[in-house]
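Which chain is which? They are A, B, C and D, in the order written, and residues in each are numbered from 1.
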Amino acid sequence: MDLTWSDSEEAFRAECREWLADNVPSGLPSGDTREGFAAHLEWERLLHRDRWAVVSWPEAYGGRDASLWEWLIFEEEYYAAGAPQRITQNGIFLLAPTIFEFGTRAQQDHYLPRMSAAVDLWCQGWSEPNAGSDLAGISSRAVRDDDAGGWRLSGQKTWTTRGAFCTHLFGLFRTDPEAQRHRGLTYFLVPLDADGVTVRGFGRLDGDEGFAEVFLDDVFVPDIPDPEGADEAAMATVMDRGGILGEVNDGWGVAMATTSSERGLTLRSPGRFRATATRLVELASRRAGDPGVSGDMLDAVTEAWIDAESYALHTLSDVTGITEGVSPGARSSYNKVFWSEMDLRLHRAALDLLGPEAELDGPWMKGYQFALSGPIYAGTNEIQRNIIAERVLGLPRK
Amino acid sequence: MDLTWSDSEEAFRAECREWLADNVPSGLPSGDTREGFAAHLEWERLLHRDRWAVVSWPEAYGGRDASLWEWLIFEEEYYAAGAPQRITQNGIFLLAPTIFEFGTRAQQDHYLPRMSAAVDLWCQGWSEPNAGSDLAGISSRAVRDDDAGGWRLSGQKTWTTRGAFCTHLFGLFRTDPEAQRHRGLTYFLVPLDADGVTVRGFGRLDGDEGFAEVFLDDVFVPDIPDPEGADEAAMATVMDRGGILGEVNDGWGVAMATTSSERGLTLRSPGRFRATATRLVELASRRAGDPGVSGDMLDAVTEAWIDAESYALHTLSDVTGITEGVSPGARSSYNKVFWSEMDLRLHRAALDLLGPEAELDGPWMKGYQFALSGPIYAGTNEIQRNIIAERVLGLPRK
Amino acid sequence: MRFAPTEEHTEFADAVRSLLADTCTPADVAASWGGEVGSHTGLGSGDGRVRPAWDALVEMGVLGLLVPEQHGGLQMDFDALAPIVEECGRVALPDPVGDTAGVVAPLLATVAGQGGAVSGPAAEWLSRIASGATVVSGFGAAPLVPSGRTADAFVLFTDDTLVLVEPDDIESRPEDSVDGSRGLVRVEPVSGAGLELASGDVAAAMRAVSFDRAATLDAAMLLGLCSAMLDMTVEYVSERRQFGVPVGSFQAVKHHLADAGSAIVFARPLVAQAAHLLSGGHSALSGGSATVGEAAVAVSMAKSRASRAAQLVSETALQCHGAIGYTVEADLQLFMKRSWALARSHGDEAMHRARVRRHLLGL
Amino acid sequence: MRFAPTEEHTEFADAVRSLLADTCTPADVAASWGGEVGSHTGLGSGDGRVRPAWDALVEMGVLGLLVPEQHGGLQMDFDALAPIVEECGRVALPDPVGDTAGVVAPLLATVAGQGGAVSGPAAEWLSRIASGATVVSGFGAAPLVPSGRTADAFVLFTDDTLVLVEPDDIESRPEDSVDGSRGLVRVEPVSGAGLELASGDVAAAMRAVSFDRAATLDAAMLLGLCSAMLDMTVEYVSERRQFGVPVGSFQAVKHHLADAGSAIVFARPLVAQAAHLLSGGHSALSGGSATVGEAAVAVSMAKSRASRAAQLVSETALQCHGAIGYTVEADLQLFMKRSWALARSHGDEAMHRARVRRHLLGL
């Protein structure tokens, strides 16, 4: 056990902190509204300019080759500084790990720098009207067009976060119409300005236009040319029109790698919840004398704060394991359930402190509504608990 | 809405209260031990002598023809007076309603007075080693013996509460070996002193010998003679050897009536929990100044007390419905889940107040252990929640 | 002993239910939303009122239910109103039925009755309420008044005095609630303006009982909202299929909804008791006539459990709906957001639990 | 940064695990129960000790783990002991390993070290502990001391003084715990008897850190007990069939056990941090060396969450076992009852939460 940070880690922390103190904007409108998204885009490009957008990526793609420990430090400092939500997160945290693992070198070179620079803005196309929790129920299809050398995509994706503001979509389409359930699916990258794509934004629970439906009607996505001897500019032109990630009909395996990032370490770093816990304790300190504030509310604040500490320490333990070659695997479902329900406890505790003022459309009520999505998205907590029971504890499936 | 008691109900209450004040014994050992059971038997016979054993039964069987409201009043006063647990309850509350509904007049006349007088002491024989929650998994069997004019019972019953001290058992046996699950079962009454019966008592969680295994090896139970012109003494002799309640192969329907009593109104009257809640509030008042007692403990006491009030009022509403001809039916599963989990909350709150002294083998720790059985017996709370979902809310079975 | 609404009360509530089914649909509620303070919560540009429903209720006599006959009302008991307000909750009616008919009207009736006068300003307002005037109260802990943007008058408690003020008499500014149909305003304390109804100890006592009435009617409204959320969730999960079966056939979903049902089932008798005791009824469990303190404890039990049910049922309903519930296009949000607001209105779970605790333990 | 036990600590704990698997079976634990005070909890007529396991641990050096080398110990850090005590929990060993090796030994080492003396009574007791003497502490809130019926000596805090007393020096009477292997005695305060170890502020500070060590080791023991209860429940529900399928295939059972697993998983890092900070380690999250106050907060987070896990896991295990778990013949009860006792030993969930709350909010 060694709970000290190295000198270089401390230096990295100091550099983060200083840069954030100088640059973090205040009072951005929600990134899930049209005008807010534009403001956030500026912030993302500033992050990229000073190489803070993707610290753990290779330098060639805009990163700093930071270790997992440094990434944790960055996240801790980022949220402690009150920096804005990352509108690029679906690309950076969900798609990028998949491109690193399954993309060709040409795809990596093409897409990753554009992603880190917030030129390409990616949204995910997992859910469909009849495929929510049951992702394998996907019915959007891709039909082979040998003459044109590619695929023609049709169908409807929905609950696509910030889909109305993004430029690209990644998602699964059924390429083998005979295959059932999770077989015969392929992982596609699709530019949203392609012919046949229609995007309709709609309101999320918190009132922001944070969701979109994406309709695809015979959208053409070309095959990736053979890199051997291909002209680089021609390659880029093709890849601008999208492509397949991984093998045809192997989309489920590719996607599972992505959803596991979503549930696991990368999406929900502890810094985010510790920052919320700190703000909650500040709120409780300010309101502790109010007549409406009772001891049980302060206990709830304390519990939520302990939750955040526990989650942070658990993450240190996970990262230790990963750096020593042990992947959390299905155990990451414990994390998903815990952070999502902790986030609710943090926000409920705050609303209770606010009492009759809680209903005002302020940051804690907004945050509560956002937190309510936690147990639903990225695999409902019911599904996560099944995974824990079956794949971690070893209970019988049936 | 009329929440007043009538003059005759108030008079009934006063009579109960006075008699209990004069007669309730103090400091009886647990009725789930051999010596304690004997002491409780005396108490049961005293109750019977003064017609308090079964107030809602007809006078002819030892009761007072009391209304459901009066029964509630009796229970309220009984537990408020700190009177002992009813070791006869499995007979009175589970079997008797079934005899009233399904028994012949001869069976009623034979068994009910002996039950109210605590001459016959009944235990239930539902569970088997492989049929706990899944009652339909029963494998104990009864084979027809036409020559002898009756049935021969074999098999094993278990978790039979106070089985080692009782005189009779009621339970289900498979009379049609071809039939599956809940078909082909018959409801039998069996004296435990019959040839072929072996009873082995064993320790419950709280250390008392409160459970028994009952082994049946070719135990003969005679057919009930035709009452037309039969000699009364001869009838009684036959019935002393047991018999069938209801129709052959219809035991499931008969038993379901009984388990519904178990879950429903009759077994768990609110008086019991209100008495516990009152003792809990007294405990909290006594310990409120102790350094180990914190505000959240007092909140838990308050919540448990509200639970008991809520349950009592809910019961008044159920009884109103019943007296006006509306049976709670499957809604009684709400009651089962609520009272059993309330009982745990009441006892947890008390143990928390006791702090490091909680582990002592005192009444609250005993009560906690007893309460822990609540969510398990009489149909686990998991099964009750299924019933609520499917039969009250109307969710699809599959 | 009979723990159930009278036949008359049941019939009245049933009539209200069918009336509201026609006049207050989810689309009507959504249309009543307004977001004029620049937030993003607005679905429409309404003012937090569904006037056809309100007018029909006025017509039926609901607003004058507790108004004495001589002032044009039906002069019924307080506990007749609770089942009606529950019906208003079942359709998420935003209009201030409980506040006007159940809080302000009995308060004005007391004031009018104390003078023995059948006329005078309080009596006049009683008649106007019976004919449809909106009078709301500001008895919450915060100076936030729902339906304040359209109210004809407010009853406020300032400087130990109960006053009735009209919009011109006060400073108020609109505030955005998470529920865009609340029509919320923040009323700044003013001195001297309006009609003084009572002062000193009399005013404090009136305020206390008004607070209890308001909390009880919030609880009744919450029961209706919760029942509606449970019903729409049961319907949704029975139809929605995932993994080849209805979502509602999963045991986890069944148990979530069983718990939600239980929270409603065991809160309901507490609300009925509170309304009954506030009507001067006897205490069900102690057997005698309820003191003011006992009635207050009954109210607190009711409101704390109804508030808790609101949180559990709304979160469960959303979870069982999944992403579909997480959109402003789903009706569910209209009910959820109202329930969040009412759960903390006139005392939240903790405040009311603390009142019961003081009763039990003196601390 | 490395948040995991060292290889040496892991190997030591693994060795303890295999040793205890042989020497402390559930049957051995059941045989250690005694009910000599007339209760019905006794399974056997034991004295709360499993001597073959204790002797093997002494042999291995576990009892002298924190004893300085010059007194015959291994002189390791406190955080080496926590994983070992967790292993003791996994088999429900009743003997006072944590108390003797982890609370009394470091306390005596401090006393012996302060005088600079390598000999003297405290030093002598240290050597005896390393060789297997049982010395237990009475630092709980109540004067109840587990393993007090067989202890060679007690460390008590009376009249601002820390004293080491032998059984003849004190009044003590056995008490029945729900866990028949606790060997519980109630020690009456005595004055003047025994060996004074410290007094005044020094004694109070030693008592405080001893309390924190004891609470941390209780938490570690609870982790082991909880893990064992979860494992035996998973095994049981995987085999037990009802309704034609394994009980463990029901989603309700799966979710109960997933929650039980989560309670353990998220308590464990808190316990590891507490043990590390009590060993003088740096604080994982603040990045610096931990103050006494920070260590105490870490201890309280660990104990409150381990205590809560004990309640959840024990109740879940019982519920998933059904009636089979509800008998003294099932091994489960040995683990459940110990967990109930330890959950409230050296501060319960509420007491430790209150300590964290004071740290955060000053109230």
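We take it that a contact is a pair of C-beta atoms (placed from the backbone, for glycine too) under 8 Å apart; a residue touches a chain by one contact, two chains touch by 3 or more.
Here the structure is a predicted model, which means the values were calculated and not measured.
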item	value
Between B-D and B-C, the pair joined by more C-beta contacts	B-C
Furthest chain, CA centroid comparison against chain A	B
Inter-centroid spacing, chain C versus chain A (mean Cα positions, whole Å)	40
Chain C and chain D, separation of their C-alpha mean positions in angstrom	52
Touching two or more other chains - residues of chain D	250-253, 255, 353
Shared-contact residues (touching 2 or more other chains) in chain A	294, 296, 299, 382, 385
Residues on chain D engaged by chain C in the complex (per definition of touch)	250-252, 255
Sites on chain A touched by chain D in the complex	1-6, 9-10, 69, 274, 281, 284-285, 288, 298-299, 301-303, 305-307, 309-314, 316-317, 319-321, 324, 331, 334, 337-338, 382, 384-386, 388-390, 392-398
Chain D - residues contacting chain A, complex	1-6, 9, 79, 230, 234, 237-238, 245-246, 248-249, 251, 253-255, 257-259, 261-262, 265-270, 272-273, 276, 281-285, 287, 301, 304-305, 353, 356-357, 360-363
In the complex with chain A, residue positions of chain B that touch it	294-296, 299
Residues of chain C defined as touching chain A within the complex	35, 39-43, 140-142, 144, 175-179, 182, 184, 241-243, 247, 250, 252-253, 311, 315, 318-319, 322-329, 333, 340-341, 344-345, 348, 350-351, 353-354
